[in-house]
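Each of the two complexes below includes subunit A, the first together with subunit B, the second together with subunit C.
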Partner chain A sequence: MKFLPYIVKNIMRHKLRNVFTVLSIAVSLFLVTILYAYVSVQDELAAKSVQYNRVVVQHAQGLTFPVPLAYVDRVRSMPGVKAAVPLSWFGGKYKDDKIPFAQFATDPQTIMSVFTEYTVPPEQLSAWQNDRTGCIVGEKIARKRGWKVGDKIPLQGDIYPINLELTIDGIYDGPETADKEMLWYHYDYFDELLKKNRPIMAGNAGTIFVKVDSADRLSSMMRDIDDRFASSDAPVRSMTEQAFQQMFTQMLGNIRAYILNVSLAVVFSLVCVAGNAMAMSLRERTREVAVLKAIGFSRTTVLSLMLSEAMLVAMLGGALGVFGAKTLFDWTDLTVSGIPGFSTFYVPWSTIGLGLAVSAAVGLTAGAIPAWRAAQVSVVNGLRKVV
Partner chain B sequence: MPDPSKDALVQLRNVSKDYRRDSIVVPVLSDTNLDIPKGEFVAIMGPSGSGKSTLLNLVAGLDRPTTGTITVAGQELGQLSESKLTRWRSQHLGFIFQLYNLMPVLTAYENVELPLLLTSLSRKQRAEHVQTALRIVGLAERMDHYPRQLSGGQEQRVAIARALVNDSVLLLADEPTGNLDASAAHEILDLLGQLNEEFEKTIVMVTHDPRASRRAHRMLHLEKGSFVETELDSMEAAR
Partner chain C sequence: MVPLKYNVRSLGARWVGSLMTVLGTALVVWASTLAFGLVDGLNHTLAISGDPLDVICMRQGATSETNSVVDEAVARQVATLDRIATDSSGNPLWSPELVVIVNSPRRADDTKANVILRGVTPAARQLRPGFQIVEGVDAMPGVRQAIASRTMAKRFKNAGLGEDIDVLGNKFRVVGIFDAGQSATDSEVWTDLEVLAQASHRTAFLSSIQFRATDEAARDQLIDRISTDEQFALKAMTEQDYFAEQAAAGDAIKIIGYFIAIVLLVGAMFAVANTMFGAVASRAREIGTLRAIGFSRRTILVSFLLESLLLCLAGGLLGILGTLPLNGLSTGTANWSTFSELTFSFRFGAAVLIQALGLVVIMGLLGGLFPAIRATRLKIVDALREI
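Right, the complex of A and B next:
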């Protein structure tokens, strides 16, 4: 720590050069953080969902085929099922949004028994349950869009030939990994409009979410549900909520490998940029390094000082990049921006930690060769160079 | 008969130094012997290329002799590894350069504190040492100034304070007045004389300046790698 002022003053020696180095690292780490956070969020959501003992039931041929609503009651009657609700994606257009945010038709009487980690004030839940055209929205989307209880939410149908006129009756909250950017409204209201406008589409649910009484029963429950509807016109395929979420990531192909490769390329270019800046800086200080050694600084101390300098610059850029990404995505509504796949997106702390570790590694790698060369400077030659 | 060389702080025995440039061997010092007792102020003069700076570098342990032994403060330098030699240098030597070689990004205080960062002294203890050293060189009031805010003479004073701060027994000065005007050079020589007389520092100074050399107890003339010794009485020289 006693060398810190010397290290900081050396960094401040070439302000413009170091500002550019820090910025290049910050921008690159910002982008890598976003890419990596996407994968991390999917993993984290999937991992956290395990603890809630939920099973998702969809049509055996995929999400584009609905399951009959009658299945909900039949699933509810099965032993080991605590609760089950229909969850139908509406995908309506809100004002000028290019990409719809998540809107689901569901059963307001039962939904909180399935998604037990979510909370909503009792009076708001009651108001919603008694308001046929009411809805509740997540805390995050309400905050970003400035919505409050009583606001009207008009949704123009895209997949379905109906328009919804909803009123916000409540705002739900939940843990960090919970999706707090959804809107839930009455399935009955949705189905009623479909019966009027396109009866053939009525009476179906996109998926059924099932709350199972224990984790031990998840496997047998999925098998039982699948078997129960196996010989019907609409056979189903059940999966854990974790598998359901991972399915969406897999739809994008081997995105994990793409992200890893792009990140590695970015890190390599960062090492080159930071290494070049560090090499220039140390080349200009050959005489000073020789003086340090003449007055008793060992090779190890010189090496440590130079590496610390490189790491500090890189970590400063890294911190700007990763915390910049965290701040941006905590306060920006990406559903408005129209970027697909970002309805539930945040930068996990694990990604922040990884970003900082990567920036430290960039500093260490970039500084290694210049610092080693500085440590090897012969005092006699270093001093002679000046004189 | 007691051997006077036993009291020598610096002792060179049969020291020679060659430099190799490609396949050509260039001898710089040849079979040199020298004893410098503790508390002596020695000036080394000689033309360019005579081996003055090489000699200073060898005594400082910055370079190794081709043959021979160098003993400083009882320690034979050839027996020390590179890292031990570096540590030894930080504890026993103070180096004063012609171009001052202060760190431009550090204040006078921080420059003087630099060698103490290698010790286990606390911040408060370091502060006491630095303030004392700056007071001795007469720059206590300018400790917060950066090198660019100081005159050449003041910069050299800071460099002397840096050489003094770890209370080293031996000060090695390589052309300490070579970059100064006559007035500043005079002040620096006065300061070196004071350090020698009041603080009993042993000083080895390489110089081209005959006036500077007259401040020393002893002037050694180096030509083509060999000494020609001249005794001077410092009081006489001062007069």
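Right, the complex of A and C next:
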């Protein structure tokens, strides 16, 4: 610790160079943090959803095939099921939106017992339950679009040839990992319009979200549900909510590999760049290093002084980049509702830790060769050296 | 002008530092070019899908075939319209099509994605530019046979020659492999319309109708006629417009790609500036000498800018070369408007090359600018006195 002033003084000697090195590392780690945060948020969402014991039932052939509405009641009556609701994607067009945000037809009486971690003021909930054309929206989408209770939301059907005229009755909230950009409305309203306009499409639950009473029961529950409808016209496939979410990220393709490759390239590039800067600083100080050794500092001390300098510069840049990214996404929101995998984004603390560790490693690797060479220089040669 | 040889030799004299910078910029350019190549591949696939005279009709309000339902009777009425082109034997080039989405496992890692299984009549083959069977035989009408594109056969389990695709328990044997010249059709598996309709319980309904107009005037008139006639309740558009609308699917990739490129560019610029500042500082005496023997300030500025550019070009070329092994590598991502996987290939064409070189030039010029200015500011007397 007593060497800290010496290290800092050395860094300050070349202000411009070190500022550039710090900025270069900061900018690159800013990028790596954002890319990597995407991967960890997906993991975190999947991991957190486990604790809520939810199972999602979809048609065995995939989401584009209908699940009969009657299945909801049949699932509800199965032992071990706490609650079950239909959740049917509408995908309607709102005003000039190019990409539809998430709109689901569901059962307002039971939805809150399935999504228990979501909260909505009781008076708003009962207002919604009693308003056939009412809906509730997530806190985040309401904030983004400036929606208030009482606003009208007209939705033009895309998958379904019907248009909805909805009124916001309430705004729900939830923990950080919750999707707060959805709109939930009455299944009855949706189905009634379909019966009138295109009866063949009516009675489709889309998916069924099931709350199971205990975690131990999840896998047997999924098997029971699948078996129950196996020989019917519409066989189903149940999966945990975690697997359901992963299904969408998997559809995006191998983003993970792409992110990992780009991040690795950036980190290697940083090692080269920071290593070069460190080498320049140390080459100029060959004579000083020799003086240090001449007056009795050991090779190890000299080596650790150099390495500390490299790590300090790298970690300064790392901290700037990592916390810069964190601050940016605490203040701005770039999430897009309705695109699976992009509706929740934040910079998790695990990513911040990783970013700092990476910057320390970059400093260590980049400083290693120049510092080792500086430590090896013999006192006589070092003192003789004219830079 | 200071001979370029001087710059090359100077870079060589400090080869370790130069090499580090070259490697650093190479990795940055590599990562950016990868992103550009991804965007270009996606755009290319959507741009070449659809002949200019081809028209697609869907239900009014539907934005993609997957969401569209068209009555068979209405489709037959469309076929009777005037000015639809005919094939050599006088049949109209008119194709009723049914799209079914099948959730299928990828060959590489067993993750799942949605695959388009398209039910067609023989006419569809003439409506796809460049369509040809390259392996096996074409599927026979009336039996459960399918043909898969070469890309799909490689990418998905069950889609290879001799494998079976399952639709609600009905197995479709893949008997042939086709190629559709990298268009969107290369992301599909085809089978007979009637057989698929029965297997998927979607008889009497189609997803879309496609036809070729005799000429451009006929095309525009037909589009107008179909879109405005309420008895059809259809939306008609050119295929090219249809795919252009789907290009929005690539927007996310595009934004992310350019974001990565810009952030990396900034980071690399600092690194280049560092190297060049180092070069200027260690060559003060040389600069003084150059000035003393009559080279002007401007010549020195240009010389250092060229040196910086040379450094970045070396790195840039290395980075661009590094992406070549990936040229043509097929990849895929979710196209949310059709809710299925769109496959495309990395494409490093002229446009990508220009973008990458632009990046390199900006990096070299901006990164080298301030060090070069510093070089011109050196006073001859002081510079010559430097050891």
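Operating definition for what follows: the second predicted complex is superposed on the first by the 320 of 387 C-alpha atoms of A that agree within 3 Å, B and C clash if a C-alpha of one lies under 4 Å from a C-alpha of the other, contacts with A are read in each partner's own complex, and residues count from 1 in each chain.
Quick note on the criterion: contacts are C-beta pairs under 8 Å (C-beta built on N, C-alpha and C of every residue); 3 or more make two chains touch, one makes a residue touch a chain.
Because the structure is predicted, anything quoted here is derived from the model rather than measured.
**Q** When the two structures are overlaid on chain A, which partner does A:Met12 contact: first (subunit B), second (subunit C), both, or neither?
**A** first
**Q** Check whether A:Cys272 is in contact with subunit B, with subunit C, with both or with neither, and answer first, second, both or neither.
**A** second
**Q** So, does A:Leu383 touch the first partner subunit B, the second partner subunit C, both, or neither?
**A** In the superposition, A:Leu383 touches subunit B alone.
**Q** Go through the superposed model and pick first if A:Lys293 touches only subunit B, second if only subunit C, both, or neither.
**A** A:Lys293 sits against subunit B, while subunit C stays out of touch.
**Q** Given the superposition on chain A, which partner contacts more residues in subunit A: subunit B or subunit C?
**A** Counting residues of subunit A touched by each partner, the higher count goes to C.
**Q** Which partner chains sit in contact with A:Thr301 here, subunit B, subunit C, both or neither? Use first/second/both/neither.
**A** first
**Q** Which subunit A residues contact subunit B in one complex and subunit C in the other?
**A** 386-387
**Q** Could you please specify the touching residues of subunit C with respect to subunit A in the complex?
**A** Residues 16-17, 20-21, 23-28, 30-31, 34-35, 59-63, 66-67, 69, 100-103, 108-109, 111-114, 167-168, 201, 205, 248, 252, 260, 263-264, 266-268, 270-271, 273-275, 277-278, 331-334, 336, 339, 341, 387.
**Q** Please give the residue numbers of subunit B that touch subunit A in the complex, ascending.
**A** 57, 60, 62-63, 82-83, 86-87, 89-91, 93, 95, 97-99, 101, 103-106, 110, 114-115, 117-118, 123, 162, 166
**Q** For subunit A, which residues are in contact with subunit C within the complex?
**A** 16-17, 20-21, 23-25, 27-28, 30-31, 35, 60-65, 91, 93, 98-99, 156-159, 161, 198, 200-201, 233, 235, 247-248, 250-254, 258, 261-262, 265-266, 268-270, 272-273, 275-277, 279-280, 336, 338-340, 342, 386-387
**Q** Show me the residue ranges of subunit A that touch subunit B in the complex, using the header's touch definition.
**A** Contact set of subunit A toward subunit B: 2-3, 5-6, 9-10, 12-13, 287-288, 291-301, 379-380, 383, 386-387.
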